[in-house]
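Here come two complexes built around chain A, the first alongside chain B, the second alongside chain C.
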Partner chain A sequence: MSNFTGITATMNPLAEMAQFKQNMREVAASPEWRTSKLIERQRWNPYSMEGGSTAAISGDNFAIVASDTRMTQNDINILTRDAEKIHVLNDSIILSTSGFYGDVIQLRKVLQSRLHKYRFDYRADMSADLCAELLSRNLYYRRFFPYYTGAMLAGIDENGKGAVFSYDPIGCIERLGYSASGAAEPMIIPFLDCQIGHVTVAEDYEKPPLTIERAISLMKDAFRGAAEREISTGDKIHLVIAEAGKPIVQKFLPLRED
Partner chain B sequence: MFLTRSEYDRGVNTFSPEGRLFQVEYAIEAVKLGSTSIGIRTKEGVLLAAEKRSTSKLMVNDAIEKISKVDQHVAVTFAGLIADSRTLVERAQIEAQNFWFTYNRKIRVEDVTQSVANLALQFGDDDVKASMSRPFGVAMLFAGVDQEGAKLFHLDPSGTFIDCKAKSIGAASDGAEQNLKEQYHDALTLKEALKQVMEEKLNAANVEVVVIKPTTDEKGRQIGQFERVSDAELDQVIAAL
Partner chain C sequence: MWGETFDDFESEERELAVAKQNFMHEPANMNFTFPSLPLGIQPVEFMNSHFGATAAKNMKFRKGTTTLAFVYEPATPADKGGIIVAVDSRASSGEYISSKSVMKILDIGDRMVATMAGGAADCQYWTRIVAKYCTLYELREKTPITVSAASKYFANALFGYRGKGLSVGSMVAGYDKKGPQIFKVDSDGDRCSLKVCSVGSGSLNAYGILDNHYKPKMTDEEARKLGLRAIMHATFRDSGSGGVCNLCHITPTEKIRLPPMDVSKLWYEFADELGRDIVYDPRE
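The block that comes next holds the complex of A and B.
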């Protein structure tokens, strides 16, 4: 330890103080907020967020998707109370979206045209499995200018099982039992984790099986809860129910309008 | 049939007054000049066999490839102008890869055939749109196993394709097909099919054989596996005849 010079040996307090004063003068002369932050604020943003939330639950032979129908500007100004964020693409595929509505419209159009062409090319309706992969590819094509859509794909897969596919903005795909996206995602996910995933309940807590009735009522609860606490979520619940071997059913239920 | 030559066999896409496209019909004739290929569909998979005609003993016979791999689960063999087949096989390979890339799923055998059939008709004498100035002079047999099971499709130069149980194309196709008609039954095994083929097709190593056997992929879906039958295995079958 005797020959340890340490930090103190290289420090010169006087020079350091002089440097500090110099830095202070520079910062006072041109503060950061006047330069970089100001430029940041003036730069045009290609994206806007119209708020709203969406969630999907899959069961053994069903998938249900829900979203609110509110579209907002800056979370406060309601643009419309009838924005549809769930898009039924064919008899077994449901696309649900949140985020930037301009991208949502474009993405829906891209998928619709691909599905249309698929029918002609392969003489069959595309299955949810295939569409899930197709969506993933399409999102990744826009790797450096992504669709800001928070997309989820739900439906009945080729084996007649309910399916929910969740994506990040650049197409990382995951098949899950349930998922949510949008403004109230941080509120809906823990609720579903508790009620469906049973990951946040005690060992001996009652864990009822997931029937379609239970899934629907959980979905309603999730959105009532979200509308209570999240201001860009509200107006109506758009509920879409896909059950194996049955046509897709769509419902609209009232939600808080304030 | 071809003795009545007329102006109508010049333009590749001009109908004759009798409603015929002579160049396409001639292309179908070109197929009959090619070496023979046979495809047989069984419950245990599909078998393709192709005769490799060597015109000279100075020719290296192993270098000829008469059965091409389109994808893991699809093989194709052809008769006619072999050079023309390269374009078509490449289209099949691209289409198969493209489907897999987009949908993460192996393409159906019928859909590969369909895409090649679309290309087969894209000929014409204008320089702009057409990729080919004349019809392709090849017939092809697409064999494979997909989710729907073992499949065999015959594609001719007119772009028509037909789902077959067994089919022969090329020079000796008439005789071979007569035999197939007599011998084929629905419970045929791959081994019997191979024997059948070797009876048709003579002797030793001037024949190339590929089988596509059904297997399952990592998600449990049915798919085919491309396998070349080795010379040793062929010799065994021939010895047992």
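The block that comes next holds the complex of A and C.
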């Protein structure tokens, strides 16, 4: 319409109006200024990521679990400095979680009620091995609407040995010697691989045995290291120590608060 | 029950009848339904946006694999023959290796195994369901289930969830009354019987070695080495595979699990055997 003067309409005005309306409809349906980020944001999102990290180490007759106590929103806004991410389910089972706290609470509730029912039915506490399988299944039952959690289960198994079970959000289970989950997982695991797994040292290198004292000090080191370099980890270490034949001990240790 | 006395119906018999009622009927096809998303939300798209490529690093599902299995006949009377199942042990979530020691050969009964490729949780869960079915079948029919029947149950279970985003590529391998058998089952509902089979991201590399060196008749030593070699080469060229090589040898009489072998050690072993580096140096 280069020769449009404002006086002589070169097109049928009715057709022009119809065209205009059509264009308006199209642009309203998918505006060009809607970036992919905006589209992403408007999508239904029932989850939120509350950060934090947890790690667990098992030894011959003990299992220790640690997590930080910071809860953040979108990795930036600190919601609380003493969130509880480690849940002691009974005398030998400890659940530690990272991810969406709403799902964590729901998951804990499911496990606690199943443990309660087990106690009622069998007049004994559930063992860590059984609870590990139970957790795996309960995570998988939500296959099409998963719990947004990186869960870990630690404790003393039926034979009095330390056990750590690691999961993905939909319940892929694996029993490991040590494990971590959450935001600082990629920082903690290499450290533990080096110190406990001894994957980086030569074969004839003298490997120190994993005692409970050493495990605790390694755990502190891992979290102090992570807090230095990871924004959603900090404030306090929540340390839970389960030793065969002894009651579970819980400790809080200070960590960087920035 | 009215009009009956204890004399008509011994209490033991009655207990048996009740037990039969409870346990001996054909198990109902799993009546459990998975909780699903609210109406209008596409499950596959939802899962991709929260647990897929754009998800937070540690929220991705574990996957990635090379698995292989083949049937062979003994070359000499001293050998046992049977099936070799070999797998790697890496589970990666995105670029992060979330585990390097996964056991990807899962037991189904005494004489059968299933390998796991694709989504790790999917494989573990559904293999459990199949194993349960096989145990119940054996108790009910008083005869071990055939590999073909077990794999068909597996395929049917997966077919029920077709298009929902499951990711399973499994090989059900074992010995039954029909001899050694391998069935490849996947989450699209595909199921086929094969003699030489490989599944997973490194399967192409494994096939290269398998097709080159496989013979229908081999000694046990040769066969085990072929499995290890194929896995080693697959882990060498495929970044989704690695860790150790787990090997399972199913003979007509037993199931032998070999100790895990570190693939980076295997590499040097095979290089020594050939008397040269396995890969050529392009500058030479």
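Going forward, the second predicted complex is superposed on the first by the 217 of 258 C-alpha atoms of A that agree within 3 Å, B and C clash if a C-alpha of one lies under 4 Å from a C-alpha of the other, contacts with A are read in each partner's own complex, and residues count from 1 in each chain.
Keep this in mind: a contact is a pair of C-beta atoms (placed from the backbone, for glycine too) under 8 Å apart; a residue touches a chain by one contact, two chains touch by 3 or more.
Just so we're clear, the structure is a prediction, and the values are computed from it rather than from any experiment.
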{"item": "Clash-or-fit label for the pair chain B, chain C on chain A", "value": "clash"}
{"item": "First (chain B), second (chain C), both or neither touched by A:Arg229", "value": "neither"}
{"item": "Which of chain B and chain C A:Ser181 touches, first, second, both or neither", "value": "second"}
{"item": "Dominant contact partner of chain A by residue count, chain C or chain B", "value": "C"}
{"item": "Which of chain B and chain C A:Arg25 touches, first, second, both or neither", "value": "neither"}
{"item": "Which superposed partner A:Asp121 touches (first chain B, second chain C, both, neither)", "value": "first"}
{"item": "Touching partner for A:Ser166 - first (chain B), second (chain C), both, neither", "value": "second"}
{"item": "A:Arg137 touches, of chain B and chain C: first, second, both or neither?", "value": "both"}
{"item": "Touching partner for A:Phe145 - first (chain B), second (chain C), both, neither", "value": "second"}
{"item": "Of the stretches 81-89, 99-107 or 225-233 belonging to chain B, the one that collides with chain C", "value": "81-89"}
{"item": "Residues of chain A that lie at the interface with chain B and also at the interface with chain C", "value": "137"}
{"item": "Residues on chain C engaged by chain A in the complex (per definition of touch)", "value": "32, 34-38, 41, 43, 46-47, 49-51, 56-62, 91, 93, 96, 98-99, 101-102, 119-122, 124-125, 164-166"}
{"item": "Touching residues on chain A, where the partner in the complex is chain C", "value": "40, 43-45, 47, 49, 98-99, 136-137, 139-146, 148, 150, 166, 168-174, 176, 181-183, 185-186"}
{"item": "In the complex with chain B, residue positions of chain A that touch it", "value": "121-122, 129-130, 133-134, 137"}
{"item": "In the complex with chain A, residue positions of chain B that touch it", "value": "101-105, 108, 111, 114"}
